[in-house]
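Two complexes, one shared chain (subunit A), two partners (subunit B, subunit C).
Take a look at the complex of A and B:
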């Protein structure tokens, strides 16, 4: 047992140091080979501008380029954004209201058409200002954008209505595949739902629905010398047991989304040093959402009590051994400069270091609200990780303050219908899972009236704080506003109750090199820097 | 005989219509729709405008009766429509997976028959001996063990054994291997799910074969054959088995129809891109049009199989024709 634990510790530690810091990339890169990876989902269409699933990213991001992206050499940093189709560093002028990008002149689409600034303008116009009837899943992330234009063939200018810290991360989102203007003009705005013509490191070969997506190396890729692989095959495998066994049986080398701790331990136990584990905080947070339209959850004291009843610090230690959660955090992704540090967190109700004091306060608040024998009708999603596992813990936590929970576990469609439409619950499990770390956009989840806030809360004051945040250009000012916003959303009003942030665990075959874990399963998926170490295959 | 077949063919129409009515409205009773799942299922911001556009594109904003009219009209004119999830023609989605499901159903049936017939016969012939008890235990275990569990155990067993012997774990391919391109690869992929499912299927057929054989072996004509001094092997093979097979054939035919679209969990466990997996995905995605057509396909297969069995019965036993 000791040997087993030390083996896991060693493998994980090695990967955390070498994999994430990039020391591993000092090895000589080997070219060639096909990367087989498993992906749990299948996107309804290839057009990532309209889709929200990561299944529109893992098999398809390698076919496309984006204007800017999270640095593939340093994807752990939530602020390190670099050019992909642009060159050098973009210029910011007009007090943060004008962004100018110089575009590379050596880029060609897979059909041979040279890329110009007009393609980028057409792409962002489709995303930000889509014609009527054309869906764009993230156009609201670009509320600050007034116009996108191309003064010449190799310059793109974004004019903003107001300076905003949310702009650059929104542009760097991995969904913003650059399409050819010619394709959009010739074939229309729906053509990309079932056709692919990008400028990415790989060229689309085939997609067999329900089975796999295949790509081959793009010899004209603009990042010279890349990609290293000859191609890839994204194998669709919806059952987690298949994906784990596929890595164990070497039918696939990697799965980019993440496995629970038990799967990591099993793979390490079975494969030893043939498997490498990369781990990271994950830009997803699991939330308990109280229904403000139901009594007594319209009372902030009751909601605060539910938050105060939780032992987040203790829960982090033991839940991280069985579930894909770990980090205690507030509204912002824990590793971001705008996130609350431990000291700041411990000021918030439910994050206090003294658990006894916290639970005594919870009981007192429930008594004051006349809800001492509270029973919670709890809506849960019929998915183990992390919903059912963490909810079991949560229900147990609430018993410590005298709250009884009646849980209804629903399959995903019914769960969403309850959460979003019928609102037949007192408290529901919910989550905020985003791609690029963009705190100013991500925290809109807690905004009453936001499209993905299902608490039915009303709080104009919180809305005002958010408007200020959106219009504040400097980081110090943003940080101060976010602290106020966080205190109001999680403590004073407890509109939402954060449990724990997710934790991403990627065990993969050790011969996969160059890929570095990011804080989101949507990021760093173009695979241009991935290579296979033949000696280890 | 022709009149009987024609009458049965006409009877298929109300059966199919009833099934269509049921599946259409039952699907609409489920909470949610494909656009909700597509736009809001990832925890990201769900733009209500994008959801509305999606619902309009899929025709979900139209009255239910109009949607049903489109579905039933298309079905009876051979237009299966498009998937609400992938926008691909449903005929293409089904066609892509049908050959795998058919091959798996055939292999499963072969495994089941290969196990069930000899075991059922031997169990009947050696009634109440240790052989009979062993066969009955084997078949009861087959009924009791879920095939998905057996599938998982088979994969894990293969991984553990091959790792111990060869130093590297081996498992069946997780992508379909065409029998025309790589017959051996195809066999190594499909034999394991065929065994996992065929074992359960054989267990039912073994018990049926045993019961039918026991019944026939007690018939007067068998006693007469024995009294005539015929060899036991000849009595079993020529006289008893043929007559005992009628209910077994019915069972095998109906189970075969079930296997075409019913290997829902086994296909998931072995990651086989067949109709069962498509069914699960379609239900999970609330892909109404695809679920409807898959249910109609299964209903059609069952109705057609029943028709074939009934016609066979009528051909074998003229009394049924005139009843």
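Take a look at the complex of A and C:
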């Protein structure tokens, strides 16, 4: 057993060191080969502008380029943003209200059409100012943008209403695939839901629904010398056991979303140094969302009691052994300069170090609210990791303050329909998964009235705090406002109940080189820097 | 004048009467597999009824400090990923399996009994329409039909019972109808009709008692099938919901992630399902042998 643990520790440690220092990239790159990887889900459409699932990214991001992106060599850094379709460094003027990007002149779409600034303007207009009836999942990220224009064929200018630190990360989001203006003008705004024409490192070959997505190398890719692979095949495998066995049997080399710790341990035990493990905190947090329109969840005391009933610190220690969650945190990605430290967290309801005191307070609040024998109608998603695993723990935690939970686990479409449309639940599991760590945009999830807030809460004061945050430039000021915002959202009003932050574990075949884990499963998925070490295959 | 009283000496009859223990022993010798099935059914029923006496662990409470312990003295079947005692959950799982299995089997078989006898008794256009509906329902495999029903109604124990009951009704109706058709032609049914008895009385008093043998056989067979179906639906996430102890649900939770590192998590609920279905099937077969005149050896 000790030997086994030390084996895992060594494998993980080596990969973490390599990941952080970039030693792996110093090896001589080998070209050629097909990367097989596994994906758990299928996207409802190919149009990532409207989708929120990683299944719209993993098999399809390699077909597209974006204006700017997180540095593929340093994806852990939220501030190391580099050009993809632009060149040089963008210019910021007008006290942070004008951003000017120079566009590369050597880029062609896969159908042969040259890319110009007009394509980028058309793309961002679709994302930021979509016509009525055209969905755009992240348009609220661009609240600060006034206009996007192209003064010439190779210049794009973004005019902002007010300076914002959230602008660049929003532009660098991996969902912002650049489409051809010609396609949008000719075929309309829905054409990309079932057609692909990008400028990415790989050209779309085929998609066999339920089976795989295949891409081949783009010989005209604008980052010269890349991609290193001849192609890739994204194998769709819904069941986790199938995905694990695919890697174990070398039918696939990697899964980019993340496996639970047990799967990592099994793969390491079976494959030894043929498998490399990369791990990272994950910009995803699992949330319990009370329905404010249902009694007694309209009462802050009841919501607060549900938060106080949870032992987050203890849960973290154990759940991190069986689930893809680990870190205790508030509204901001843990360890970020804007995140609450442990001392600050322990001031919030439900994070107190004294669990007995916390649960006694929870019972007292429930009694005061006349909800001592509370029964919660709980909406859950039929996905084990981490939804069902964490929910089983959560339900047990609530029994300790006398709350009974009646859980309904629904398949993903029905789960979303319940969470977002019918609202037929008292409390629902929910999540806040974002790509680039961009706390100012990420915390908008907790705003009542935000497009992705399903609690049906009303809290103008929280909105005012957020507006102040958007307009505050210095980090110290931002940090102070976020603490107030966090206290209001999670403690005083307990609009949302955070459980634990996710933890990303990617065990993969050691011959996969060049891919580095990011704090999000949406990031660094264009695969242009990935190569296969044939000596290790 | 005194009427002579017939004096019957019952001592000889008493001598001929076979003690219950001997009868049971003969039955066991004649139907050893059926007896094994009955034994399993009895054990399972006792476990379900006395679950809270047999085990002191709470089947739903987490004990994270004891997570994934292999079988040992305190936890004979080990613990799952939430530290819950697997033996306890298997025992309480018997309660879930039996309550759903027996309810669904009883409702399905009884619904089929009523429909089958009525269809045979009334005949004509009623029989024709009923049997075509039965044909349509029987065209769907059991599991597909149950999945369709639960997908429409949603998960949960109540809906699982409905989902399992519906496909049982046509199966039993078809079997019962074939027996009832023969009974309908027997003169005493005509006689009852001629005496002006109501349809309900004729069906309930004269026909139903005569189709009890196929009904009981179907009932016993359905229990095993219902337990299996409940486990399948729970395994697929469409049955009873966590944290309720249910064998299919336990298998789902453990089978995927811990088959290699903690195989006990999935082995024991798997064995429980196998034994329960095996037991009820053996018991049903034996009942058929005992109750069906054609299958009797003597």
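A few comments on the model shown:
Simple rule for what comes next: the second predicted complex is superposed on the first by the 522 of 537 C-alpha atoms of A that agree within 3 Å, B and C clash if a C-alpha of one lies under 4 Å from a C-alpha of the other, contacts with A are read in each partner's own complex, and residues count from 1 in each chain.
Methods note: a contact is a pair of C-beta atoms (placed from the backbone, for glycine too) under 8 Å apart; a residue touches a chain by one contact, two chains touch by 3 or more.
Since we're looking at a predicted model, the values are computed, not measured.
Following the overlay on subunit A, a side-by-side fit with no clash is recorded for the pair subunit B and subunit C.
Of the two partner chains placed by superposition, only subunit C is touched by A:396; subunit B is not.
Of the two partner chains placed by superposition, A:186 touches none, neither subunit B nor subunit C. Once the two complexes are laid over each other on the shared chain, residue contacts for A:50 go to subunit B alone; subunit C is not touched. Judged by the touch definition given at the top, the superposed model places A:241 against both subunit B and subunit C.
When subunit B and subunit C are set side by side, the one touching more residues of subunit A is B.
When the two complexes are overlaid on their common chain A, residue A:407 makes contact with subunit C while staying clear of subunit B. Look at A:382: by the touch rule set out above, it reaches subunit C but stays clear of subunit B. In the overlay built on the shared chain, the residue A:341 is in contact with neither subunit B nor subunit C. Legend: residue contacts after superposition of the two complexes on their common chain; A:318 is shown touching subunit C, with no touch to subunit B. On the chain A superposition, the C-alpha centres give an angle at subunit A of 30° between subunit B and subunit C, rounded to a multiple of 10. By the touch criterion stated above, A:262 is placed in contact with subunit C alone, subunit B being left untouched.
Note on the superposed arrangement: subunit B and subunit C approach each other to a least C-alpha distance of 5 Å.
Shared interface residues of subunit A, touching subunit B in one complex and subunit C in the other, are 239, 241, 411.
Across the complex, subunit A meets subunit C through its residues 239-241, 260, 262-263, 265-266, 314-315, 318-319, 321-322, 382, 384, 388-389, 391-393, 395-396, 399, 407-411. Remark: subunit A residues 38, 42, 44-45, 50-54, 133-141, 193-194, 208-212, 233, 235-239, 241-242, 245-246, 248-252, 270, 284, 411-414, 416-418, 420-422, 430-435, 444-445, 450-452 touch subunit B in the complex. Contact residues on subunit C toward subunit A in their complex (touch as defined above): 60-62, 64-65, 67-68, 81-82, 154-156, 237, 241-243, 253, 255-261.
Touching subunit A in their complex are the following residues of subunit B: 30-32, 34, 36-50, 53-54, 56, 85-88, 93, 96-97, 152, 155-156, 158-159, 163, 168-171, 173-176, 268-271, 273, 277-278, 280-281, 284-286.
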